[in-house]
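Two complexes come next, and they have one chain in common, chain A, joined by chain B in the first and chain C in the second.
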Partner chain A sequence: MTKTPQHIIIIGGGPAGLEAASCLGEVGYKVTVLEKEEQTGGKLRLWYKLFPGFRPSGEVREYLANGHKMNPPEIVTKAEVIRVDPEIDHHQVVLADGQTLKADAVLIATGFQVFNAEKKEEYGYKIYDNVITSVDLEAQFISGNPLKTVAGVAPRRVAFIHCVGSRDKKVGNVHCSRVCCITGVKQAIEMKEHLPQAEIFNFYMDMRMFGQNFEELYIEAQQKWGITFIRGRVSEIAENIDGSLQLKAEDTLSGRPMRMNFDLVVLLVGMVPAAGTEALGKSAGLAFTSGNFLASNDTHFFQNETHTPGIFVTGTCREPLSVAETLTDARAATVRIISWLREKELKSNN
Partner chain B sequence: MVLEGKKRVWEDYQKEIADDHYFYVRSCIRQTFFPGSETTFLRIMRDDLGKDVFEDARHTTCTGIGYHTDIVPLDTTMTVIARHFALMTEAGYTNIIPSCVTSFGIYTEVLDTWKHFPEIEAKIREYLWKATKREFTIPENLVHTSDIIYKFRNQIKEKSKVSLINKKTGLPLKVVEHIGCHYAKMFPTSGVGGAEFPSVLTGMIESWGGSVIDYPERRHCCGFGFRQYLVMANRGYSVSNSKKKFESMQPYQPDFIVANCPGCSMFLDRWQYTIAELEGITYDKNGMGIPVLTYEEMAGLVMGYSPWELGLQMHQVSVEPLLDKLGIEYKKEEKYLGAHGQNLGEPQKPQFLIV
Partner chain C sequence: MKDWGYSILKGRQIDFENNDFSIAEFVAQHEPSFKWCIGCGSCTATCSAARLTNFNPRKINLLIQRGETKGLAEEVAKCMMCGKCQLVCPRGINTRNVIQNIKRALNTCHAL
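And now, the complex of A and B:
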């Protein structure tokens, strides 16, 4: 290390950004985290419990906050980055308020935003009172209030619809958001815990239970909690005269069309890149995936590098990831940044 | 139901509708099913709104029924439509307005095909030239005639004599709006309000004082579906689709149904008779069924036109209960008089459906 530590700017104070900041701080770098919101924590703040073990999301937020004790990074909130101007020796990070910060390396960790379910017009989100999203449901869990329909009664029949805004050419998203399947299983179980008498149905295309203990939780949902999983994409939702919802789907295993009534429908919304990521990526000369996430330099060897030297990417701004995967990805990005900065330092000393 | 949510969707699906000078192309079947509708459209446009609407007697079918039953090949359909464009071009017009929703859907599909595959347009131009020695320019504006009435709904309101309000209760009439599948389901951006929550008829109904019923099977097909009806063995399927809709709308107690498609208006009206005769069921309290109007007929009533001049005596479900709610005066004895006052004779009465 040089006497004046090299400066790394991390754009985004969610799990990826904070974990990377912690790791880079530990080895002595000067780290600045720029977070556009008033608080750090990203989407973790919107989640009640995490799959697959139902860990309260607050525990992860606490872990991320404690990671900075050795060499805490400078965390600047309400700092929206609008541009990164790559230069040969360093990069200029330009903020919305006109400030320009100089960095030896930049790590982009701008995360994701949830798909706007209003685009799936046939599901009537924000039109039909009892259609909500998985994020709305987490907010309901966080509030601690009893689960009720708009009419103020406990729902007796609930449907979860998978892949809303994911794997759907009609809305321009071909990518799989990966975490919605297991979120659907987790939330269905939580719903059943709150409403033991309720019938719960999950409508899916296929269940992608890729992570440790995911498949086990999926089996538990069926065997222990009696949750019904129907393979079939929902074609439309309409509102009945009593405010309940009529749902049409095809059960593709039995090959039959279905028409069912529900008191509450939960749309498992997918991930899309956070607002501003595209403009930021373009300013830095970065490439994009077909889903408009920030593209890596190489899908096997250099997942956190970009085509612009000194600019790195991590977390869900580059592809949909779970929280656990995001933290792992942030650590991996850290290793690549350290390696790149050391190489740069060696070159400058020679 | 959150109306603001619907309004946000409607904002995304607004389209350009020409203000004047229209080349009007009629439907094959509407003049038989609802003979006053197209006449009423022309009357409103020319006499009340002062618009220039031109039609050419040489205009033919768009081949829609043959096309959707796989009898007419697509190249033939496109060449016939190219001929219609040629008639429009020769008459000096650039805005084409089909009266039929299926024609509108086919015209939209053909123009979209040519946009993406210019070589197909070139081929069709060649076919048309070889067959008729005609040439054409692409229309600047293609909209359905219900779009036109939607556009001028507020001008019609200003000139209106009747509101869609129950005279006795003072409450807005409850209206089921039914949009033909070919209006926007194939090309959502071609319909006012899009495919999921079309606002073309809603806009008219609300402007003229009525309220719209959004019932669970609102989006469902009326059951016409061309081959469902045209193949006699499939007609039970056609009826069952309409029945599904009637059962779904019945709890809302609609005062009437309005549709913007020739087939939908026909089947939602006539199948009520069929279902009543088959099962002894009607979907209103009095055993008379739910009256069904075309949007031109609805506009004509609002404008104060005589119901019998509008051709409402041609409906299977009697419109008199609706006329009574609207406070429209009519003479029963004039119901079956022809245009020149001759008695056309009363139709045979159904066994169950009260007329």
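And now, the complex of A and C:
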């Protein structure tokens, strides 16, 4: 009799979930990916190009879609998981439609959602028409339409505001979302490519260029594209009578307050855990980080393990990560799941 | 009219809309590395003139870029052109040539 392969359920069909699915499929496990949306690919579908090399996000989506040809996982879309009930032998994954699935191991890869910029009312998102978010800007780039203000003219001066919804106790997020700094640099360059005549300013608290080629891109933004970086958190934005925006900040390096007018303001929104992650985590008895992400069992040794044996976490549901880091994290989680399942199998055979 | 010694305080706010960027443009044109500054302050930390006066090359660079050039001639006159700032600058800015060009700009842009 051939043995039934052990079954792994992956919750979330974004980059983390799909990469883990193809890695686990490669070694012969039965894998089911549960995706709550109609399509897999997660937030990659909202992004036009990726930092730092301006790779079209479609290339990564294509890679993920082709990653598991040998032993393709079962992918179930429109499948929202509401609960995971941990049991000793296996875990029960409960869907919104009442269905219950059994798994030897569960990998949570529910990802992030962007911070709701309306909460920073002082920046006027959804109040002033010419204030948009970094996600809105990506949608604009994807559409291929020329960049215009609401009045229909090309913006002459554009501001990018860093740390919107990050490092801000006022909105309950103390954590750094990590990827917004480099996104701000990337989008400023893309903006300059679209509008060579425009003046572009980035308002930052710190520039956190941690990844390979990030600092290089930051230097390129200054040297090749003439983008100006001003150190200071914007305190407020107000609309002028002509629809342009007046922005106030302290230029902290000169110690002087400043005000400037802009035609368009882009808010670099941070990452928060995806909706439903909290309820899911609680049902499985998991712990949370200060930013309400799913906590790992150990920050150095067991990043992908949780406090509940057999339940693993990967990707941006556990901390803000770039796409490249997410893929690496998913592969790392795979190794841990395999060793855990092997140990389980050995124990049951004895 | 009698001077009562009172005046209206000019705001401390940097007024980007009305400031004069002619010096910034002149310097950037002749020494493009002028705009590469990330404000680390190592130039000021090593500056011989800054040990003895309130000369601050980092701040001068920044204020020029913000169009704040009041008292600039007096400030740059404190520089002794020793070039230590250029040795420490992590961005490779030709700081000495920046100062030279600020002086040239002051002569060309503002007939002082």
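Operating definition for what follows: the second predicted complex is superposed on the first by the 348 of 350 C-alpha atoms of A that agree within 3 Å, B and C clash if a C-alpha of one lies under 4 Å from a C-alpha of the other, contacts with A are read in each partner's own complex, and residues count from 1 in each chain.
Quick note on the criterion: a contact is a pair of C-beta atoms (placed from the backbone, for glycine too) under 8 Å apart; a residue touches a chain by one contact, two chains touch by 3 or more.
Small disclaimer: the values here were computed from a predicted structure and weren't measured.
Participant: Mind working out whether A:Thr100 is in touch with chain B, chain C, both or neither, as first, second, both or neither?
Facilitator: A:Thr100: touches no partner chain.
Participant: Is A:Asn213 contacted by the first partner chain B, the second partner chain C, both or neither?
Facilitator: So A:Asn213 meets neither chain B nor chain C here.
Participant: Let me test your reading of the model: by the given contact rule, A:Ile241 touches which partner, first (chain B), second (chain C), both or neither?
Facilitator: The answer is first: A:Ile241 touches chain B but not chain C.
Participant: Touch test for A:Thr77: chain B only (first), chain C only (second), both, or neither?
Facilitator: Once the two structures are laid over each other on A, A:Thr77 reaches no partner at all.
Participant: Between chain B (first) and chain C (second), which, if any, makes contact with A:Tyr128: first, second, both or neither?
Facilitator: First partner only, chain B.
Participant: Name the contact category of A:Arg231: first (chain B only), second (chain C only), both, or neither.
Facilitator: Touch partner of A:Arg231: chain C, not chain B.
Participant: After superposition on the shared chain, which partner residues are touched by A:Met258: those of chain B (first), chain C (second), both, or neither?
Facilitator: Touch partner of A:Met258: chain C, not chain B.
Participant: Name, in rising order, each residue of chain A that touches chain C in their complex.
Facilitator: Those in contact with chain C are residues 207, 219, 222-223, 226, 228-229, 231, 251, 253-254, 256-261.
Participant: Residue numbers of chain B touching chain A in their complex, please.
Facilitator: 1-2, 4-6, 8-9, 194-197, 214-219, 251-252
Participant: How about chain A: which of its residues touch chain B in the complex?
Facilitator: Within the complex, chain A contacts chain B at residues 118, 121-122, 124-129, 236, 238-241, 246.
Participant: Touching chain A in the complex: which residues of chain C?
Facilitator: Touch list, chain C to chain A: 12-17, 32, 35-36, 38-39, 58-59, 62-63, 65-66, 68, 91.
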